[in-house]
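Listed next: structures, encoded as structure tokens.
Both complexes shown next keep chain A, but they swap its partner, so chain B is in the first and chain C is in the second.
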Partner chain A sequence: MMNSDNSWIVAWSDSLGFPEAMPQWIYAAAALICTFCFVIVPCGALMSYFERKLAADLQARVGPNRAGPAGILQPIADLLKLLQKESRTEWNWKENIWLSVHTMALYSTLAVLPLGSMAVLVNTEMSVFLPFWAALVLALGTMLLGLGQNSVPGWFGGIRVAAQTLAGSFPALISLLCTGVRSGSFRWSSLAESQGFSPWDWTLLANPFQMIAFSVFVMSGLVLLAIPPLDGGLSMSDIHGGVASHLYGRRLSLFQFGRFYGFFFWSVITVVLFLGAWDLPVSLVNSLKSMGAHQLLALSELLWLLVKTFALMLLIIWIAKVNSRSRVDQITDFVWRVLSPFSLAALVGSSLWAGWRAF
Partner chain B sequence: MKKSIFSAVGLYVRDVLLGAWSITGSCMTAFPYLLRWGDLRKEVTEGYPDPISSKTADDLPTRSRGLLFNDIDRCTGCGECEKVCPSRCIKIKDEPGADPSKLWVSVFDIDFSRCIFCGLCVEVCQPGSLAHTRQYEGAAYQVSDLVASFGRGTVTDEHRSKWAILRKMSESDEASP
Partner chain C sequence: MNLIKKEILTTDLTTWTIGPYHGSLPAPMRLRLSLDGEIITDCDVETGFLHRGLEKACEFQSWRAAVAYADHLDPECAVFGELVLCLAVEQLAEIEVPARAKCIRVILSELSRISSHLSYMVRMARAVGSETIIHYLLRDRERILDLFELLTGARFSINFLRFGGVQADVTDGFIERVLEVCELIRIRMKEYNDLFTFNFGFVKRTSRVAPISKDLVSFCGVTGPNARASGVSFDVRKKFPYSGYDRLDFETPLGQGEGGVLGDVHDRFLIRLREITQSMEILKQLLDVVPSGEYVNRKLAKDSVVPPGEAYSRIESSRGLLGCHVVSDGGPSPSRVQFRSPTLANLLAIPQIVRGIRIEDLPVVLASLDLGIAEADR
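Let's look at the complex of A and B:
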């Protein structure tokens, strides 16, 4: 289960003074905590800043500009403000339980998130599907969170989230298969190896069907996790945010950060599947390896992956900001009648293409 | 006539492409805003007053309160307006004038940066010298430009000597017949 080549983790953890014969699960837990604290949280802060600046530019506004130079400290200011909000007096045990389930399901995907050739914790023939199943569990938690709130927005929001997830999971799964058809395996490592640094080596540009699969995968991910512009399940205008309508203060920031994380992990997976993963130029990788600079290689792979992820996320945010949001029934209708047939066509097309190339 | 399967598929694909085209279009419309390109950077000067929608002084209501004007020849310098002004924007300085029974209004300043155009000063003005004009475009580049001075200026020694001569002449005129 564990990736055998975890020398870089050992190299990092040696400086922390751990004993020699450490069980592997401690390394794994430490890696997860480090990933969360040093990759996910800073990315969330940066992305929320970029998103607000981008939206401000598109709407000819200034955007955050008070906290720090050019408003760069705004995420921290927001966090501090949300943390000091008073909590509600009455105790809704259902809401607390389902918020915890939701959050746990969400961050269980951290274990299967690929962040570089040496930062892949779970690398099996099933690994591509694991975040996918986690997303389904997450939707269940979100739905029950809404149903546990004893309010109309909560009930409707929960049911809408379930409807969106059921709709989005089918084309997502089918378009996921298209990448496996090209690389011949669902291991993160082989998916990355089948691509390259140059965009011409990416799965996206391998053939027109992969392009269709890419668009379908991105859009169905937005539906599955209810991310703007396809976030009808959490719509503000008619159900006051749905599942999130009763959350505020710390719980709301937890929920919102979870939504960002969902967006982030789907974008990371999309980059790994379609946009050349973490692949750096071969000569650079070889020279770094010959120098023995494994930490530098791991860091640069992570950075390159994150740069592509941010670019994809900003593209999606751009599309979300300039287009009107769809109603939840329009979204599910769109998924079943447009995305699903297109994903099937992409699967058939890319399979035929792969078969043609094999002969 | 029943549609054939091919025409149905064609219409379906056309709709999907139109949707993609529409989304791309809205993204490209917003694109210049990201980089502040082209027309967005160009300074645009609009005609003012706008010939279609702008109001001119003639369109204003009859009792509209524009910038204040003080007819200094009729002003007695009583200072009622200064007392009643809620924003204290009127400054008056009086001195004994050529005619000792009347006041010489040396300073009558209205600070329009503080004036709220309430019209109380006009209401209390006994000689009716202070009045609202119909002018409402009071923008200025400096705050100090917003002070309107209607005063006659401080009395100098030259004035005094001239007045003394005039007074003597008029007294001798009265005495001679």
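Let's look at the complex of A and C:
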């Protein structure tokens, strides 16, 4: 199961003075915690800042500008404010259970999150499918959270999220198969190796069917995880926030961060599947390897991956800010009638293309 | 046959009470919905949460102070309440209004109409969750509020009209700035149409939703843009002209069923857009030749009393026919002041038009009716 090439983690933790011959699960746990603390959380903070600044620029207003220079500390200020907030007095055990269960299940997917050629912890033929588990768990958790709230927004919000997730998972899964058809494997490493640094080597531009698969994958991901602009289940004005409308303070920040993480990992795997993963120019990789600068290579791969991920996320946010929300029945209708046939066509087309190339 | 019947899954109706305060409601009101799943089967509207005893309060004040109360009839477009009261009193006391004062009144009315329609678009955008356009529209409405501030010193409750005219003459540069704002809004409306009005998602959300039929218009007494969206050509400015509207050349746009059904949410939205264009047309005609002379009837004595009798006046406010019935017993204060507000008729239509729509569309339908609860509750 474990990736054999995790020498950089070992080297890195050795330098911190951990004893030799430490069991591998400790390395794995340390890697997960480090990924969460040093990649996911800063990305969340940065992204919330970028999102607000971008939206402000689009909407002819200033945006955050008080906390720190150009408002860069605004995410920290927001977090501190939410942590200070008093929660409701009554103890809703259902809400606590479902929130913690779905949060734990959600972050368990950190193990399969591909962040670079040397930062892939679980690299099997099933790796690509594991984020689906996270998406479904997120939807299930959101639904049960809503149903347990004893409120109309929670009830309708939960049911709507479940409905659109069920619809979105089919085309997402089918379009994901298209990438595996091209690379011949569903391992993160082989998906990345089948692409290159130049956009012409990306899966996206390999053939027209992959382009369809990419569009379907992104859109169905938005539906699957209820991300704006296709977040009818969460944001319709009749339920004003749905499940989130009855969460306060720490619980709300936990929930919101979970939603950000869903959006983030979906964008990361989209980049890995279609947009050239973490692939740097071959000459740069070779020279870094010959110098023995593995940490530097891992870091540059991570940064390059994050740059592409952020660009994709900002593009989606841009579209979301400008367009209006669709109703959930319109979203599910769109998924079943438009995205699903297109995903099937993309699968058939890319399979034929791969078969023809093999001859 | 029995076998098939057993297979049918029956669900009971659920009820959901929204309000009086809820994010999807345009103003304080309570809706009791019966829901079949997510489909609304019945709706009961309860209002009165914003009742301020405004009509009664007028009876305890002087005639002059009643204008300030009428100003609060609809805080969003204050000038219409003032105008309708002034017209009724002027009719009763046979007070002459100078041409210049009439012109200033119409300028204020049309600016209010544009500002009210812009905030209508904001409420629609908020209902469908389109964030960006809200900020653009509010930015432009600010320009109109700036004009109000320049002329009257206040942005919302302007309290500017007087019996026999207005409080002050237009200041230097006001007319040029009105033309500037008109031009700005004309250019920007094109951008907004591309961004919002003809946005695929917005059209999908609004077309064929909750149409008001012509029968319902006459049954409930719906007036204004909502009635014209359903193809009923009734505009007080045309039928019963006041303040010199008969000398202006403008059209009353009618709904054409572009969304698929005549009088649906999309038609109601488009009508407002076209009315903004017509209002700008009116403003341009007015500003070309602003009559010179007095801005208020100077012959009117400060202590003049309103003779006994009663009068009724009506104007076209941004929401529809706004009427005012004034009764005087010759005393220092009104004996009775009564308003006929267009929103009340729109409220009557709600239960009829929301049957069969999904609750996700309810905020959109409510926003599309342009409800001014302040003037309905009074």
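Following the convention adopted for this analysis, the second predicted complex is superposed on the first by the 358 of 359 C-alpha atoms of A that agree within 3 Å, B and C clash if a C-alpha of one lies under 4 Å from a C-alpha of the other, contacts with A are read in each partner's own complex, and residues count from 1 in each chain.
FYI, contacts are C-beta pairs under 8 Å (C-beta built on N, C-alpha and C of every residue); 3 or more make two chains touch, one makes a residue touch a chain.
Computed from a prediction, not measured in an experiment: that's the story for all the values here.
Should chain B and chain C be called a clash or a fit once both complexes are overlaid on chain A?
clash
With both complexes superposed on chain A, which partner does A:338 reach: first (chain B), second (chain C), both or neither?
Only chain B is touched by A:338; chain C is not.
Once chain A of both complexes is superposed, is A:278 in touch with chain B (first), chain C (second), both, or neither?
Touch status of A:278: no partner.
Going by the contact rule set out at the top, does A:266 touch chain B (first), chain C (second), both, or neither?
neither
Contact-wise, after the overlay, does A:323 reach chain B, chain C, both or neither (first, second, both, neither)?
In the superposed model, A:323 contacts both chain B and chain C.
With the two structures laid over each other on chain A, which partner does A:232 touch: chain B (first), chain C (second), both, or neither?
In the superposition, A:232 contacts chain C only.
Looking at A:54 after the superposition, I want to know if it touches chain B, chain C, both of them or none. Which is it: first, second, both, neither?
Only chain B is touched by A:54; chain C is not.
Check the residue A:156 against both partner chains and state whether it touches chain B (first), chain C (second), both, or neither.
Only chain C; A:156 stays clear of chain B.
May I ask you to decide whether A:240 touches chain B, chain C, both, or neither, giving the answer as first, second, both or neither?
second
Comparing chain B against chain C, which has contacts with more of the residues in chain A?
C
Name the stretch of chain B, from among 8-16, 44-52 or 80-88, that runs into chain C once the two structures are superposed.
Superposition on chain A puts chain C right on top of 44-52.
Output the chain A positions appearing in both contact lists, the one against chain B and the one against chain C.
On chain A, the overlap between the chain B and chain C contacts is residues 58-60, 321-323.
Under the definition above, what is the set of chain C residues touching chain A in their complex?
That would be residues 16, 22-24, 38, 125-132, 134-136, 139, 195-196, 199, 201-202, 204-205, 358-363 of chain C.
Which stretch or stretches of chain B touch chain A in the complex?
16, 23, 26-27, 29-30, 33-34, 36, 40
Would you tell me which residues of chain A are touching chain C in their complex?
Touch list, chain A to chain C: 55, 58-61, 152, 156, 229, 232, 235-238, 240, 321-330.
Touching chain B in the complex: which residues of chain A?
Its residues touching chain B are 54, 57-60, 318-319, 321-323, 338, 342.
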